[in-house]
Amino acid sequence: MLRDKKDLVRNYIASIPFDWRLYRQDIRGSIAHVKMLSKQGIIADSDAKTIIDGLSSIRQEIEQGKLQFRTELEDIHMNIEARLFEKVGDVAGKLHTARSRNDQVVLDLRLFLKEETLKTINEIALLQCSLVELAEANKLVIMPGYTHLQQAQPILLAHHFLAYFDMFQRDKERFHHSLKHTDVLPLGSGALAGVSYPIDRQFIAQELGFSQVSTNSIDAVSDRDFVVEYQAAAALIMMHLSRLAEEIVLWSSAEFGFIEIDASYTTGSSIMPQKKNPDVAELARGKTGRVYGNLIAILTTMKALPLAYNRDMQEDKEGLFDTVGTVYSSLKIFAGMVKTIKVNVKRIHDAMKRDYILATDLADYLVKKGLPFREAHNVMRKLSECAIISDRNFREISLDEYHSFSPLFDQDVYDITLESSVAARNIAGGTSPQQVEAALTRARKLLENKCGK
Amino acid sequence: MLRDKKDLVRNYIASIPFDWRLYRQDIRGSIAHVKMLSKQGIIADSDAKTIIDGLSSIRQEIEQGKLQFRTELEDIHMNIEARLFEKVGDVAGKLHTARSRNDQVVLDLRLFLKEETLKTINEIALLQCSLVELAEANKLVIMPGYTHLQQAQPILLAHHFLAYFDMFQRDKERFHHSLKHTDVLPLGSGALAGVSYPIDRQFIAQELGFSQVSTNSIDAVSDRDFVVEYQAAAALIMMHLSRLAEEIVLWSSAEFGFIEIDASYTTGSSIMPQKKNPDVAELARGKTGRVYGNLIAILTTMKALPLAYNRDMQEDKEGLFDTVGTVYSSLKIFAGMVKTIKVNVKRIHDAMKRDYILATDLADYLVKKGLPFREAHNVMRKLSECAIISDRNFREISLDEYHSFSPLFDQDVYDITLESSVAARNIAGGTSPQQVEAALTRARKLLENKCGK
Amino acid sequence: MLRDKKDLVRNYIASIPFDWRLYRQDIRGSIAHVKMLSKQGIIADSDAKTIIDGLSSIRQEIEQGKLQFRTELEDIHMNIEARLFEKVGDVAGKLHTARSRNDQVVLDLRLFLKEETLKTINEIALLQCSLVELAEANKLVIMPGYTHLQQAQPILLAHHFLAYFDMFQRDKERFHHSLKHTDVLPLGSGALAGVSYPIDRQFIAQELGFSQVSTNSIDAVSDRDFVVEYQAAAALIMMHLSRLAEEIVLWSSAEFGFIEIDASYTTGSSIMPQKKNPDVAELARGKTGRVYGNLIAILTTMKALPLAYNRDMQEDKEGLFDTVGTVYSSLKIFAGMVKTIKVNVKRIHDAMKRDYILATDLADYLVKKGLPFREAHNVMRKLSECAIISDRNFREISLDEYHSFSPLFDQDVYDITLESSVAARNIAGGTSPQQVEAALTRARKLLENKCGK
Amino acid sequence: MLRDKKDLVRNYIASIPFDWRLYRQDIRGSIAHVKMLSKQGIIADSDAKTIIDGLSSIRQEIEQGKLQFRTELEDIHMNIEARLFEKVGDVAGKLHTARSRNDQVVLDLRLFLKEETLKTINEIALLQCSLVELAEANKLVIMPGYTHLQQAQPILLAHHFLAYFDMFQRDKERFHHSLKHTDVLPLGSGALAGVSYPIDRQFIAQELGFSQVSTNSIDAVSDRDFVVEYQAAAALIMMHLSRLAEEIVLWSSAEFGFIEIDASYTTGSSIMPQKKNPDVAELARGKTGRVYGNLIAILTTMKALPLAYNRDMQEDKEGLFDTVGTVYSSLKIFAGMVKTIKVNVKRIHDAMKRDYILATDLADYLVKKGLPFREAHNVMRKLSECAIISDRNFREISLDEYHSFSPLFDQDVYDITLESSVAARNIAGGTSPQQVEAALTRARKLLENKCGK
């Protein structure tokens, strides 16, 4: 309960309830800053040592749960600085020399996001490993390929899962790119104008592992592009996961019945004892909303802000933390879940009992015998319609009847099968076993030795 | 007026009202495809020639406004193919050999977006030129730097505009990255499984200038990442433009009065004859909404779609066209408008008559005389408050009075001026004239010879 | 092609390419305004007549396609006014007395949206009619009810479609509410401060059919809440349509096969002759993105705008027009499509061959014999598992075996059937035939006589 | 740290970390449910009493912080039920009779949101009180009214703040409407089909204060419209607050200097001792992003979900809790902050030293002397331009010079002042003192006796 107006305001503006997560980055950044200050002779070496020791022990206190954060100190920076004063006295006042909260806060966030982006990329690779494993385990399974959720052409199930491999490969590249824009040291930009001390920014960059130093102090404190970029890449990968989730839900239904996922990724019902619900996949699909929302939130917040820092920008963190956590755990869970997928080959084959899925192949057959594609397509449209109406498969149609649609049909029309159809698409990126084998090899190579055995 | 149900459906699903814009790409792609078909012996050379000639003349017809597109033919592909049949007869039916609308439509869109992305990047550079020019023309103008829209510290106006230069530099990098994911040939993926003809995908890629060939046919027809990536980069650049627009509006107000933009970028009022409204800047700021909206639209559309192609994906185009056009024209207009900015140096200096903006410098002064930063900050907080209450500038405070706040103050405190303040921030990325000069040189170099003279 | 900078700016700020759609509203508003001016003696009656006649003939010109709109005149208001000058000379200059473009533009938009909202509401009712018709035609069909896309409990198909009836009923209420906020006359607010003429706002309101007059002139020209409200209601109804679309797509798949929609709502494939794709449903599902996007666009545009009118607000129109059109045509098409749904009762019953869907009923059976619900649930979980493992239906389990799970089972356990299950849920809002009958009656009553025969 | 896969999944799907907030609603709902079960003879009265006593004591335990929630029990419902088993033994198993988690969870959320919506509405009224108070305290202050952030026409400052009153009045109406759709009892819908027990839904509705009972069980468990509706109303009110925030920030700048807000709503700078930043207003403006994001999140989550309940829908809560809290605290803070606004009348008047803001009045002057409006406007455009070029006010222009622009000018042109301008707009909704007085009276009446003294 908020007692009065003062508490209300304090709670409204305090970021410590969420930015405490940056304590490691904040202390790490402060230590590097102080080292530099002493190296440059801006503060005495002994003062630097006192401060660094103090900061190190504060980190321990936090990690041991001994430091109670105080809302009235507003943020993680002031909480740590206040504790430093308690521990080392007035020398603590030198820590903030040649630094502003504006460049400090964005430093912490960049350090945090650099770590997290690498973790994200790593988890993507592990999910890719699971996909490759699943594809390899079901290398020769033929399934209906869908467009418009209608059976279209036969494909290898491995080929289908490798489509996701390719999507996630692009995701990795996107996170690598956003990492580049995150990996820039802002410290030294002060409040907005730079600082008036002879600091060594390159030294700090090296200490903290930044490969670049910001080139404009106003931009450095105003810029949250790196947050937006991560969020945009996250929105895209959640979109991909939502598609995979949709298919897992669909294929787990009684009506499809193509796959079964391990019970550890399903839950029962509070009322219907027979049910095995794919809750994890559904939840991941649902969490797409949250990640899209966080993207639009930061974009909205940043819209039309005059330079340089404005307090609106404090809103950069919670959405980012939420997205980072959501993406990380979703990836980790999918990596586990995909591994447990059991493919029900019988149900899949049953789904293709009606062989209309071979219609394209029959059209191509006519084209190869000389008919222009559009005409072949017309022949097959009529033939398909006729087969459907009379409830017969193509393989049940007599050669005579075939001839009534086109004289080009011959006995070898019966050689067209699911297997021959798949094998025929032996073109770079196609679904033939040979191409899929090559794709698997390529995938393995791209993953290097990320996948455990 | 829609007469009946059939018209209604036809209009609902037709994409020709907007995808006619892709006619050039569609014809270019078809020609490359046909060349390949003949090279591979899939169709006869003479047929290929007939088709290519037909397509070329259709392009002319379209460009001369002679071809009336028909809604009942649904999209640009079928409109062109139907016209081809009229022109060359049944041989037209061979054009679609070894190709599906699914890989064709995404080919066209990729060709389109490749061109447009390069144009976008070029326009960004031109806007950067204007910013550099403006910065150079006002190199020595000192203005108040703001945080929280409160005067914070003096900065060079050139430094302020170069902050935008840096933002737009990142934008260029983002568009370059999205270009990489756009620059992939999908043709040869067929409906989703690849094609069963001995096509040469590398040949087509070379013909059309693609540097990569897609590696999974299912992904190739399902993937719209490149659209989302462009849209995300566009959202970010519109955010940047909205910030610049906000400042132009703000600074053009009677109360700020820092700048004047040319009358060609303002409009009068229908009722208030004295007004000169910065409509262009406002409109650009408003258009941020549209671009954010288009981003969320495509993300929403793609959410949870099962593989491979679904008709939902037809919604990829209108939002993209709108965003591409909005970003392009906004950049072009800003490049022009920024050039016309006249800086009102007098109003800017008047704004800093109260010299409280030097408080940080006075605090730094004390630090350099040995006071820990936090103590110096405390001294200055009291001194500032006192000056404000008594309505005096720092320069009007006597040394005696200074002493009553800290004995460290000396005569040289009066040497602290706007100029000395700016000069002191002589650190990489800082606002000192020397740093800004270096930044201008770097900017010029990054622009190479993009800027006209 | 834009020739030069001036054209570029002109095109950027011109709204005539889209706001020409408001010509009827603009003329209607102007006529009412002029009538009032003459009634109040602000302009002469003869002048008023001249202007009104001029405006009426301009409307005819527009409707006959005889008036060429000019971009350099910027918007529909100036295009009409300029034409009026051509037609009636200088007296045209009196039209704008006691009015500003700021209150005029929002008047036009309110007039437009009032009409369109009523049209939207009407189309919703027609779609509801189709749902009721479909439900009535399949009143006794039992189908599996789903949660998590897993078969959960038997329901009446009619009950399922009536769920959508209820959703759309709420949508109608929302549009009625947004209509209330649209139905406010802004005219008389001038540029922002009101006007200095003795105008009669109530008179204009009556002329134009507004039930309220705005109460604050600044708010009146700054307010676009009514646009946002329509957009928000539109986003919700598109969400509902996307759910219905998803089920139509799902149920049309070979694997479900529950329904067939008329061929006029499906399309064939360019390459796969056997296909019948539910394109219309997919496209509607995809268009959800566009409507969500338009909502976020206007919200973004309006964020943080200072009062009163800003040019950003010109962005209120295109997104609204797009949403209004999308919602209207989607509703109209669904009303038609739903009517054509043919229910495949055999496929639906086949889907429930496995009778595990009765597990809840068996648990309830035990509860009614005295077992606490949680225990009954546990018994049934084990029994279900056992049945599934041994690949038997509940009806194939012997009474002896039932007893081994619980002594409470008796011969009457075999009386539990799909029919009895549905009938048992005879509670307000439940799926029993009696309740569904009542729901249909209620639905018919809510629709009054909207539905044709 | 997550130890293993099982923990990972458990944490991913658990809602107890956030839905514990619904414990009061959950217990309240369960008690009403049990009362009804016993009333209907579905469970024994003594069992009902035992369960109710148990639930009551669990509520106490929770409120005293004595109940440790367990993640492995997933949600608040199971946590409470499990505790009930510990306390009262197997009879606890009867609580879930004739109920499913699907109707229970949405019951809790509806109970929660009903309360919160009323609280939101109440806070809006309190903010309106502050606006009215501020308007009354500055009733006669004339300020520049802005369009395009350019001075347009003089207005009463009270009129300006009353514009916000009107916006917030609409917000209240919107929340009242969303309340109507929230105020519907879902209990009795079971998992999706209704329940097979003779329950009394009206009785529960009365117990819990619902004015309606849901009419379709499938819709009842699938429907989250009420969440979206609240979120949409929240997005709109945050948009309004962002506009007010923008003006507070703007007017607090040194350049405007129109107002001062109390120090309790500003913060100092870590580096610039002189600063007084309007952090609270900025933060509220920034939080617009979060609320827009939460709206788009729930819309995205719900898109294209088949009926009925899907686990995706668990994502309905966190965003709602966040929005509810953000709106509540923002309103409360603004109510306090607005009250502290001190208007700097001198700075406001100084801003209007240049009297070009009277140009419309001069044009109206000419119109009233017989010139058509457009001509009057033209005269004044030229006159304004001339005055601006020669750096003179209108009042400094001689009558002779006036005559050179139009012979209609007379001595009384000098009677046009800020005061006369404002007074002239004496039309419903206009800015004249009389109208503003009436608006204040109306506002007071609408607030009834909400405002304290």
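Which chain is which? They are A, B, C and D, in the order written, and residues in each are numbered from 1.
Quick note on the criterion: contacts are C-beta pairs under 8 Å (C-beta built on N, C-alpha and C of every residue); 3 or more make two chains touch, one makes a residue touch a chain.
In this text the structure is predicted, and so the values were computed from the model without any measurement.
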item: Chain C and chain B - chains in contact with each; value: A, D
item: Pair joined by more contacting C-beta pairs (B-D or A-D); value: A-D
item: Distance from the mean Cα position of chain B to that of chain A, given in whole angstrom; value: 24
item: Geometric centre distance via CA averages, chain D-chain A, whole Å; value: 33
item: Touching two or more other chains - residues of chain D; value: 96, 102, 147-149, 152-153, 190-191, 250, 269-272, 277, 279, 282, 285, 288, 292, 295-296, 299-300, 302-304, 310-311, 360, 377
item: Chain contact topology (line, ring, star, complete or other); value: complete
item: Touch list for chain A against partner chain D, complex; value: 5-6, 8-9, 11-13, 77, 96, 99-102, 190-191, 264-265, 267, 269-272, 277, 279-280, 282-283, 285-290, 292-302, 310-315, 318-319, 329-330, 332-333, 336
item: For the chain B and chain D complex, residues of the former touching the latter; value: 144, 147-153, 249-250, 252-256, 268-279, 282, 296, 299-300, 303-304, 351, 354, 356-357, 359-360, 363, 377-378, 380-381, 383-384, 388
item: Chain D to chain C touching residues, read off their complex; value: 90-97, 102, 145-149, 152-155, 159-160, 162-167, 170, 173-174, 177, 180-181, 188-199, 201-202, 213-223, 225, 228-229, 232, 235-236, 239, 242-243, 245-247, 250, 285, 288, 292, 295-296, 299-300, 302-311, 360-361, 364, 367, 372-375, 377, 421-422, 424-432, 435, 439, 442
